[in-house]
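Should a chain be cited, it is by its letter among A, B, C and D, assigned in written order, with residues numbered from 1 in that chain.
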Amino acid sequence: MQYDWDRPREFCGVVGIYGDKNASFSAYLALHALQHRGQESAGIAVSDGVTVRKKLGMGLVSDVFAEKDLKELHGHIGIGHNRYSTTGASAELNIQPIVVRYKDGALGVGHNGNLTNSQTLRRKLEARGSIFQTTSDSEVILHLVAKSLEESLIDKIKDAVRQIEGAFSLVFITNDKLIVVRDPNGFRPLALGRLGKGYIVASETAAFDLLGAKYIRDVEKGEMIVFDNNGMQSYHPFPKCTPAHCVFEFVYFSRPDSRIFGDYVDKTRRKLGKNLALEDKETDADIVISVPDSSNTTALGYSRRSNVKFEIGLIRNHYVGRTFINPTQSKRSSDVRLKFNTVGGVLKDRRVVIVDDSIVRGTTLKKLVQTVREAGAREVHLRISSPPIKNPCFYGMNFPTHEELIANKREVDEICQYLGADSLKYLSLEGMLSAMPSEQGQTYCTACFSGVYPLKVKDLEET
Amino acid sequence: MQYDWDRPREFCGVVGIYGDKNASFSAYLALHALQHRGQESAGIAVSDGVTVRKKLGMGLVSDVFAEKDLKELHGHIGIGHNRYSTTGASAELNIQPIVVRYKDGALGVGHNGNLTNSQTLRRKLEARGSIFQTTSDSEVILHLVAKSLEESLIDKIKDAVRQIEGAFSLVFITNDKLIVVRDPNGFRPLALGRLGKGYIVASETAAFDLLGAKYIRDVEKGEMIVFDNNGMQSYHPFPKCTPAHCVFEFVYFSRPDSRIFGDYVDKTRRKLGKNLALEDKETDADIVISVPDSSNTTALGYSRRSNVKFEIGLIRNHYVGRTFINPTQSKRSSDVRLKFNTVGGVLKDRRVVIVDDSIVRGTTLKKLVQTVREAGAREVHLRISSPPIKNPCFYGMNFPTHEELIANKREVDEICQYLGADSLKYLSLEGMLSAMPSEQGQTYCTACFSGVYPLKVKDLEET
Amino acid sequence: MQYDWDRPREFCGVVGIYGDKNASFSAYLALHALQHRGQESAGIAVSDGVTVRKKLGMGLVSDVFAEKDLKELHGHIGIGHNRYSTTGASAELNIQPIVVRYKDGALGVGHNGNLTNSQTLRRKLEARGSIFQTTSDSEVILHLVAKSLEESLIDKIKDAVRQIEGAFSLVFITNDKLIVVRDPNGFRPLALGRLGKGYIVASETAAFDLLGAKYIRDVEKGEMIVFDNNGMQSYHPFPKCTPAHCVFEFVYFSRPDSRIFGDYVDKTRRKLGKNLALEDKETDADIVISVPDSSNTTALGYSRRSNVKFEIGLIRNHYVGRTFINPTQSKRSSDVRLKFNTVGGVLKDRRVVIVDDSIVRGTTLKKLVQTVREAGAREVHLRISSPPIKNPCFYGMNFPTHEELIANKREVDEICQYLGADSLKYLSLEGMLSAMPSEQGQTYCTACFSGVYPLKVKDLEET
Amino acid sequence: MQYDWDRPREFCGVVGIYGDKNASFSAYLALHALQHRGQESAGIAVSDGVTVRKKLGMGLVSDVFAEKDLKELHGHIGIGHNRYSTTGASAELNIQPIVVRYKDGALGVGHNGNLTNSQTLRRKLEARGSIFQTTSDSEVILHLVAKSLEESLIDKIKDAVRQIEGAFSLVFITNDKLIVVRDPNGFRPLALGRLGKGYIVASETAAFDLLGAKYIRDVEKGEMIVFDNNGMQSYHPFPKCTPAHCVFEFVYFSRPDSRIFGDYVDKTRRKLGKNLALEDKETDADIVISVPDSSNTTALGYSRRSNVKFEIGLIRNHYVGRTFINPTQSKRSSDVRLKFNTVGGVLKDRRVVIVDDSIVRGTTLKKLVQTVREAGAREVHLRISSPPIKNPCFYGMNFPTHEELIANKREVDEICQYLGADSLKYLSLEGMLSAMPSEQGQTYCTACFSGVYPLKVKDLEET
């Protein structure tokens, strides 16, 4: 899996390990399996029961950690984090896990998600004289733990997480404990598994597969689990509330081979494709192709239902890295071509359906449509496996501003014209939701499409 | 496209540019498009009409060249090379292009292929007092040019290439010329295109697409083309001989979006899949999956013809790099899992056909079969889109020794047992060849399967 | 100037710039001039009146900062710090300046010296729920400022520095201010100069010379100076107390070309040498040599007074870096030889006086004596320009523990025997102090020699 | 010792090791001791009797070689080279030792000096079809060896070195031999020592001291020594000729602790200083200072003879590296200040004699004079321990062109005026030569001063 560097979405992946004598190596492999959730930076903190050590760095997991680093991080408890996010100078500052010293020793945290009252909390803490060394939400959480008047660490953390709002899948480390918390809405996924005689939690189950760990169940929404010498203990520090799982994890973000929110991503994507075909009966096309790799299964589902032939019409170059194009070359070439090339024999003279997962700004897709036309496609029909994105996300998907969201400014036919396609259809909200698993009462956050936010954004109100 | 680092095959890609004021930038993008042909090292040499400059390095194209490097390599003539090859100390020594000074100034060369009489030639040259700074074939060619008694450079190069035997797609650079030569058997592909008002040659046409260049035709087997102020001139310095195109370029090596030996790779792979299905009528399976990405189209072809459903059952992690597994973890995990994960919902309780392109040692495939079984597959049937590899290649595919080739030691049923599959079928030689384009009289080298070598290997005879 | 990497002394250098449009470049050069005070890490924080930016790194100043970094750090206010200190994992964590956000915006600090009540303060802060991200004293100071109940920043800083005890030459940066503070005992030097139309403060005046800045005066002990739009304002937030300047700054640490505590280091060292000769009238030697470079002037002073000829008998190799010796070679070679070689013609058959500044563990000097003997010296007499070091320093010189200080365990004659010298003499405490400037009422800390500590070490009492 | 990066002189250092099981580690330390002879690049080639391996790189010895590299270079025969020389792109190409394959196996060479007929030889070789991969003299030598019609390697090397002219101290390595050759004029130094049970040769004896090797004698001018299983054998392949040792090795280049051309450098420099004083009786000055470190002993010699007090008035910053000054700062600061600072107390109101070794362009010295004046010196008298440099060197000192040599364009009083000094005196040619050892019939090359070249420069004649 490889995601687009040019799409401004804030991703993160977290992992927690308890009871594995090579905790650092396991966290490392898990982060590797979660690499698609954050390519900007990575970090691991490990405890051997006495001392918490950490290693952080900018770049891919394979660049940040040398074998020697992992050996130095010896211990049986570990947390890991990777991140794709903020820009410039602050990037290096905000690499996680953050590890601090407080009254009772060392405390570290890794966070996937976004708090909706962090600015509010931060202002309160600063008013009482707190200093901050990062600009991340997560440092706020550590302050709340350290300042809690509760006696035990477990109660302090309960106290702290009850004060924060928003999306959070958290992994904490102390000298002798791993503690994980998932927000009461369950915005982001977090799975629990058995790793040998120990335990593992991770954003996605693909990490378990790589480690040979066995999936037990999801960490429940609103659940807090403590792993220590006494084994594993579960708490529910929050009042119950309606689930608001992020649909985008299914639509685009998670790996197809992961199981989140109760089902395999792959299976849901296939249904998205089928529903897309169901809503699109009149289209008369020769072939359907996907924008690889995130829409592969979706396109396959579309093909099955529509009986339009599935073909591989775009080849993705996975070596992209920091390749650049000279300005004077850009007349003939384009940055989209660095990632995708067309397969001439497949597209020539065909009426082509392109299945993609979503449209944010539309700039990449516009160039892609043009590239497919240049390969000889007679017609180009765009089918998007989610509704138009019209609203910002405050729970961890870092979409651009209102102004930059193309669907916020234009109607579907205007977008189609802008993109240069012969037709454009989005999957309906109902079509999308009916593809999502709901057997266990799952409900979903659709704020970016519908504008209905399941949780107030306190920071916005106060600004 | 991304190829397996653990398969010991010697690859290379070459590019030549003439008449483009940003020759270095164009060579850079072309090498990026040819990255799958060699990830170990890359190099570019450029001339501004007066001076030949070069920049070489170990690693991916995006790692070797910074923007500043390409700016320093100013000029309108350029050659580029990337390589996946020898190990250890010699690797750095042998990065191409090799650029030397001789009587008439600077001369550089990049070489894709393998000479079959280079040791013989080298011994002769050494007997006359020549010294060598690399262990590569290509240095021999430069000696032959410099030592030629002919007057003009063009005649010197003709003289030199008439002495060498084997597989060679060559790009030469001098202060004011680009010269390209393809061996008379046409083992390796080499295409000619128009780049703005200039020209480009490259191992595969995918490089043209990225640059917005237009495909003109293949450089003919046995053709030598000179590009300079006088335009483009074609020579045929060799006696005619039967074509011996490398089938492996179609089966595995070239990009599906490239056009080589007269047709799109993608189209040929689809036919390989169809032929594989034709030879395999009795198989009763639920789904067919490919080993991504090289077998995707082949599996699609198999599915079309056999009516077994095409599914995506293996997810490839494209971030592999230099990721490592701790020895103590290897009980539960494996290096194959670093690259491939299974999609649980797709494979569980299914009878699965896996389509792969070839089997060299079988070690990776054995682990893959096991991984697919662990994901719940009820049956695992391996279908290989080429015959058993029983013989070494002397024309540029660096297979391991006889002893390591699994098909050299064992019968098909033994291999099947070793791999742990329920059944194993190879495509027949005829089935494979009938998928290859032949409209223009193309014939192919099948030495690694059949043991019939189209060209004597003089180096072997003399040893 | 280059100091010994194998001598465990905690050094730091600080610089502050106000009113120079290239504050980052000036801080960089100043740190370069102060490089001998800390080779482990370096950092610069700069403000353009609106935003505080920083760049930190491990290594020499010339390694940490590229020209591009300094350009990005644009602004007219800057602070810089270099450090030679703690080992291992904590090193990277503790690079200064530390910059944090608090209620009123950004605040950064660089610190030369050592607090004697930082553990006590830290425990108090932690008890109130503060979290710490470093293990350095300086973070405590920032907490105190942020937590102060005073209104203005100036009063907050006064409040904070009145709570800390020990040795501190501090430089603070905010969006629009440079603030510097020197402890009331004046342990470490801090000089004030004019830099164009702006100001500079630095640990040593050698930094002024490199920048073409003019020395105005020392920052007074117990003085706090605020630089902002209103110019420069001086405060004295501490009660008066007796000066306790660190003699080691004169004896060994500061550059000979710097002016500290009221006089040139060079001049004081010369007097140390003269006093050493005065106390050593009976020695009958042929030549006197120094251990370069710190004892050069001292040896010259000794020569003048004793009429023993000054010679250059040891050549220092300034390229040491991370050069290593193979264990099997260490029979013939030694790590001391990596730094010093003897001049054969100078030492052979001579009775040699070696002048060195101090003896900590004695291991290096022991090898040096042996090396000088191997060069043919007939007699080797060691003369040390300070008394025996018997006690740890709590004000910033990070001597090893009691047990490792050779003078703490052995009498002078035993040390002489251990070192393999023919005689060993230390300068007396009186002899040392009479070489120090005292015209302006300067008095000195001699704790490491005398055991008389001018300031209680609260942290020790509480442990 | 540290030499000026801004003085364009071509330096090199060579070392050869035979019979030491850690040949790579010994070569490494020797290169470290010879670091002042070349800071641009370094390389080591080692043989274990079967295979020659090498490691080359840009930068200081401590940067180029990691411990792991030296372990991989296992063997008992080794050669090493460091280099300070050509600029830009060619630098990396020309790192030595150069190792090639020829008829009889591997052959490597390291070269200190400069050939005066290399262009002539190269043209001849090229005319016969040879190709060159570097632009260095040394590759010519390897061609001559490989092309020799002699039978044995020893005779081939004799044949080759008889054809070359100029300055050369050469170390060759083959699988089983170390061979060293010194040119018949003996331009550059080369010493022979005993290293345990094996042998060492090196440009300077300081390398022996670091390794604990014992000096035996100099390799004689015109001598060739072969080290192999049969021990050490000496040959004299050249006709006798008058020695022409480079005076600059004594004046500036070699380390003071080395013994070259029959005596210690330190001793000769002292004599240079004394002679300088003898020729300068009328100067009435208060103090004499040196430009550290190369002129330290010379200034001491001047002081002894003149009774002018020796002082340390300039402090050298040894951390220079790649430190840079912002253009806008250069009004107040200067690049000379990055290296040298003045000691205020020493220079103020004094009449100062500055002793330096030579003047090439004069730009650095001009700034230094100004710096000393700014420190308060009342008078500044320059005394140079060699005559005016008026002519280029063709034997290895890479002075700038005629035009850039200040003494070539101006009379002494004009130079004095340009430099801003109160007086300027050069040591006379006789004064310089009488300081050099001559007991064993040594005579010297003074071409750069006198214009009398001891050896024709064939390359110049042919151009």
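Here, contacts are C-beta pairs under 8 Å (C-beta built on N, C-alpha and C of every residue); 3 or more make two chains touch, one makes a residue touch a chain.
Note that the structure is a prediction, hence the values are computed from the model and not measured.
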Identity of the chain that, by mean CA position, is farthest from chain C: B
Geometric centre distance via CA averages, chain B-chain A, whole Å: 36
Centre distance in Å when chain B and chain C are each reduced to the mean of their C-alpha atoms: 61
Where chain C touches two or more other chains at once, by residue number: none
Graph class of chain-chain contacts, one of line, ring, star, complete, other: ring
Contact footprint of chain A on chain C as seen in their complex: 53, 72, 89, 98-103, 107, 126-133, 135, 142-143, 146-148
Residues of chain D defined as touching chain C within the complex: 1-2, 21-22, 25-26, 29, 32-33, 35-36, 39, 60-63, 67, 70, 196, 206, 209-213, 255-257, 259, 263-264, 266-267, 296-297, 300, 310-312, 315-326, 328-329, 331-333, 337-338, 341-346
